[in-house]
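Order as written gives the chain letters A, B, C and D; numbering starts at 1 within each chain.
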Amino acid sequence: MMARWTSEQLGAGAKVEEYPDLRGALEGADFVINMVQIGMHEATLLDFEIPKKYGLKQTIGDSMGIGGIFRGLRTIPFVLDLAGEMREFCPEALLMNYTNPMSTLMEALYTARPEIDSVGLCHSVPLTAREIASYIGVDHEQLLYECAGINHIAWMTRLEVEGEDAYPMLFAALEDSEVYAKDKVRFELLRSFGYFVTESSEHNAEYTPYFLKRDDTIERYDLPVDEYVRRSEKNLVVYAETRQKLLDGEDFPLERSVEYGSLIIHSFVTGEARAVYGNVENTGLITNFPDGCCVEVPILVDGTGLHPCHVGDLPSQCAATCAPHTAVQNLTVRAALEGRRDHVHHAAMLDRHAPSVLSLDGIAAMVDELIEAHGDALPEGIRTVGVGRRRM
Amino acid sequence: MMARWTSEQLGAGAKVEEYPDLRGALEGADFVINMVQIGMHEATLLDFEIPKKYGLKQTIGDSMGIGGIFRGLRTIPFVLDLAGEMREFCPEALLMNYTNPMSTLMEALYTARPEIDSVGLCHSVPLTAREIASYIGVDHEQLLYECAGINHIAWMTRLEVEGEDAYPMLFAALEDSEVYAKDKVRFELLRSFGYFVTESSEHNAEYTPYFLKRDDTIERYDLPVDEYVRRSEKNLVVYAETRQKLLDGEDFPLERSVEYGSLIIHSFVTGEARAVYGNVENTGLITNFPDGCCVEVPILVDGTGLHPCHVGDLPSQCAATCAPHTAVQNLTVRAALEGRRDHVHHAAMLDRHAPSVLSLDGIAAMVDELIEAHGDALPEGIRTVGVGRRRM
Amino acid sequence: MMARWTSEQLGAGAKVEEYPDLRGALEGADFVINMVQIGMHEATLLDFEIPKKYGLKQTIGDSMGIGGIFRGLRTIPFVLDLAGEMREFCPEALLMNYTNPMSTLMEALYTARPEIDSVGLCHSVPLTAREIASYIGVDHEQLLYECAGINHIAWMTRLEVEGEDAYPMLFAALEDSEVYAKDKVRFELLRSFGYFVTESSEHNAEYTPYFLKRDDTIERYDLPVDEYVRRSEKNLVVYAETRQKLLDGEDFPLERSVEYGSLIIHSFVTGEARAVYGNVENTGLITNFPDGCCVEVPILVDGTGLHPCHVGDLPSQCAATCAPHTAVQNLTVRAALEGRRDHVHHAAMLDRHAPSVLSLDGIAAMVDELIEAHGDALPEGIRTVGVGRRRM
Amino acid sequence: MMARWTSEQLGAGAKVEEYPDLRGALEGADFVINMVQIGMHEATLLDFEIPKKYGLKQTIGDSMGIGGIFRGLRTIPFVLDLAGEMREFCPEALLMNYTNPMSTLMEALYTARPEIDSVGLCHSVPLTAREIASYIGVDHEQLLYECAGINHIAWMTRLEVEGEDAYPMLFAALEDSEVYAKDKVRFELLRSFGYFVTESSEHNAEYTPYFLKRDDTIERYDLPVDEYVRRSEKNLVVYAETRQKLLDGEDFPLERSVEYGSLIIHSFVTGEARAVYGNVENTGLITNFPDGCCVEVPILVDGTGLHPCHVGDLPSQCAATCAPHTAVQNLTVRAALEGRRDHVHHAAMLDRHAPSVLSLDGIAAMVDELIEAHGDALPEGIRTVGVGRRRM
């Protein structure tokens, strides 16, 4: 409905259609965009409520940590089905994934469906650049940046304004209490690791063991525990309201977003070269990240397709903040593809946040309860006790 | 004194000499064995007492974690000096390092003194094999094993008795409360990760975030907090007693140890081929560990020297337990070689144990106090505030 | 003079200046373009006449084979000097190299002057695309292509016209005797290896052992032996004529070339993203080429600089045609950087063309005579008999 | 028969049995040794006679060059069948391959049957060491050596006698006309590349483009053209004679060979550590050889199995002599596994020797005739015109 309204407003003349099955939607497609939430609000609630019982607090829970692991496990079967259907109905199409957990889903895709071209897209890089611009008081078009890492933990390795390093300006902003208050976790990470990271303070709080394990730090850094549950509830309301407004013929503001999807389509069709940030398999692109993990890097797009760019080494300390997460993502993908319940346990035990709160048996009990609760939504094999190296 | 006594007992006729300077000891040497403790008992005390003030408990503190970082920082200058003198006085000699923190010192050596042949030696692999044999009730010569990882966190990837997988026997031993009680932490790691790890339960407790952060787990797993301080004190006493016994002409038991050093010398001289475990640069040996980190792998030794063997991938979950430590070791080495105080902070923040107890500012304050306390024992540059990317 | 005239014609208002020394030209530069011929026509003559005495015929001799080796040896010192001065006078500038032998000079640059940003630029990729378009009878803007390899031996891995594979059209063109006659060597390579290669038939003839070793094939494939000597002589004449025309105020046609240099400058300054082909260090970009060799690949250029793109594996047979040349280039660079005369011999012995005509002692004698003839133009060390592993 | 006689002589009590099918031989086996000649004398004759018609001379033709390619193509189906049966009847057994072309067969095995442990064994390394010892006049037990490369083109990277570099002694031997006369090709390769190579002068002559293309060099270096045809004929005679002698109860001399097979079995069974040279997949072992090619390197053997050792870089010029051959081997394996006739053509065109004599169309015609002549002995697909990228 919104797509139709937008097309009309812009006079784009786009044909908007709904299909009851994948086949109808995929047949003859050149581009496939994946934006889904498997399990809806109910599954999200489980991902928050069960860990909370064990003492493990989360803020967003959509990409990393225990919430990210289980959202990954129940979404992997869907994306593999989607890409499987694409092999039949549109084998040449490009799959653009916007769904979280980004890195886990992308690793599952290029591992198990390598014959389908795919790329993971997220606005966190360009939005972070705009936030930095606002913190240092320049127009975002003045800010030159380079960025690399994994989705949501990509590091701004270069910031320049008019040919000058902009990091001193950002360290100065850190000391301005008003600016600092807007993004406490990321400014603390800047102070500690020397570089600014993508996404937001509420996301990054749960990607590290430093902030959420104690009440005093939760308070000091204004951490919105259970934030995503509230957002998820609000989303349901906004969805209903928007629908009603559309039915009522009301107007919406129309402005170009920072999302890369439509730009990529434009480049494919017109041949115009562009640089975007996207999430792809690490084929030696970031040299101190493991080969095969999913990385967020600059990508050249033109009429011949997507060409990820070589990045080289990230600063060692930045690489080290990502390494545990790429391991967890790999174990989550293996758990789903090989049906190994033990790898779900391994993933949770190797998360950076969970072990800062729980002991090994606490993590094990929490994982078992989550597996039980999500039931059939999880891939075959994971629900069976005793699969993998040992009974778990 | 002990060396002379031993040589006499065995009728080995070895010439034992002491030298006031390195030159005398090194000139014309074929083999150099490094066993030192830089800073002695006093420095060890600081490594334990200062973190404890901040709430961070340690058991051994000699290899990883905050104690390992600072022991590394004050020992790197010595080993680089030693290898530097070797370039002049015995450039062809093999340097066998027994000093901890093993991986950090070895990485410093092969990074900054690549022209000197070196290998890190430790008894943790063969001793662990003997312990496993005793837990499953077989003679240690019956146990066939393969092992790989980093020093003190190497994983037994294969255990066989008479052609049969011995892991079921070891999981059975885990369920025997008497056996379990001897090695609780390592049995819990076996239960969680599916493989048995080298060194001991008291060491491994501080290599992970699962055990030492809470009083209940400290008690449940019998963790000997401050153990190394007590050992270090006892060492001083034993040293004095042994010295007196030697002066008094008393006897000592003489039996062959599991240490590899003398076997390597034997193979070099006679050409007899042997397999030993040693710590060397990862040149693609363990394929899911970072290139350049220090790994513990099987090594062929014969008359032509040391030839590290290709291992391939470790199980993902095992590799993931080592990855944060190889990052910390790399940052510690960089801190020392580049004089970067900020990298000392990064190393401490990326340790697995410290952030399970402390917040970012807690870690930062503790590191600053330790730098202040160790003073001139640390490499140039680290004592200067403001070196590196930002003031710390 | 030509630059000034062009600037005037276009009303560009460019300031064109000549400097007696590098310092004046480099100070404050943002871009440095290197187009030189070290040794001029006289050195080229030696590169052709001496091999011919031994029976080795060449067509162009500027990039690979014995001519390429010696042109490389006498040009490496100049480009290293140039980049050395840049470190002092414009350390942030980009060095764009147009001088041959491209791969050898680039490998010398990024090996010995890694702190200077550099890229090697050549028109062979876009010109080959235009030639292909003309052979298959489409407008060059209709032809979509992907290309990778080493400079002058890059392979068109993808050719498309309106979404369809254009290779069948090119194989059909091969069968058209009129079209075939325009590019015999490259059509034969297409027939044999399945892909079309960059540069021209006269260049590629001497890059392989198939064409130049026998009179019958020289005739059958219309190979212009000594072509570059004639071109070089003609260049001297054209240079003089052009100079005279400029002095006489005559007009020249003005049209945009396919060269990438000015486009790169435009992208750096405006931030507009572009795809160019350039020659850079292989950092895992082409996965079945050796790391460290110089490869020609797509590069993203924008306001943040040059970002080479990941290519992956080339078809095995295409990779295999490049491998001997990357080895020869590496040995030439080592010869120059380490002053190793024996590596000059190794380079010549491992060329694809020379051993199809000469025996080992023939190659050795020819190399010794060329070293003698070029004398002081060659890097220190190479002129000394007995340097390297053995006397040569 | 010979095995029974040997066992009796040594009182080994070995049970020697013959089986009409693979199943009987494989069931329950711990070790499988492969020594076969597919196509027998007749196929060998074709491999020599057809190339000779086109002007291409060979000496041995069993491992590289056009003879090696076709011997590989007709032997790959057999070794894959063998390893396929092993999966069923003895999945844990070690396959030791002695059959040529060694590298091609091994690459086919570990590529297409990765679940079977396999290693390629050859006496060329230890025999070459004995020959070197005799050339420099020392006992072979005095000679310390390190060697690496591909089978038959492995380079002695280190030669020592009593702690001193033995290469000066070998260069001196080169100047002794009597010694030189015994091994002319390998001494010329030593003179040219600085290192001594394995196998023999008659083999190495056809591995390079320097010797066999002209009559004068054939004579000067005493090259025994068609040598293997004569050996093959003689083998038939010796086989018959030996059989008769055994039937007549005659005696044979019994001495330990330098072959590694029985030593490997001994180490597996007793656990005694040994160093052997073997041919295995390059998993980063020789760093300047392509990953995945088959390399000959030192291997640690003990009770836990075979552990190939890391070698690092070979001297550039030595690596460059092997690179074309590893490409040809890869194309031959691909041709067989993918049924691609065009890759057989590519392999022949990329050989070092063939293009020093033939033009592209000459090679193509020769390959087509060989395919026709070998007929059903070749893998499916190769006999079909038009398979692969283009009709050939």
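Please note the rule applied: contacts are C-beta pairs under 8 Å (C-beta built on N, C-alpha and C of every residue); 3 or more make two chains touch, one makes a residue touch a chain.
Model, not experiment: these values are computed from the prediction.
Using the contact threshold fixed earlier, the set of chains in contact with both chain A and chain C is empty. In terms of the distance between Cα centroids, chain A is separated most widely from D.
Note on chain placement: the centre of chain B and the centre of chain D lie 44 Å apart, centres being C-alpha means. With centres defined as mean CA coordinates, chain B is found 38 Å away from chain A. Chain B and chain C have Cα centroids separated by 52 Å.
In chain D, no residue reaches two or more other chains under the touch definition.
By the definition given earlier, chain contacts exist for A-B, A-C, B-D, C-D.
Within the complex formed with chain B, the residues of chain D that make contact are 144-146, 158, 271, 273-275, 283-285, 287, 298, 300, 302-304, 307-310, 312.
By the touch criterion given at the top, residues 171, 188, 191-195, 208-211, 213-214, 217, 288, 290, 315-317, 319-321, 323-324, 327-328, 330-331, 334, 342-343, 345-346, 349-350, 352, 355-356, 359-360, 364, 388-390 of chain A touch chain B in their complex.
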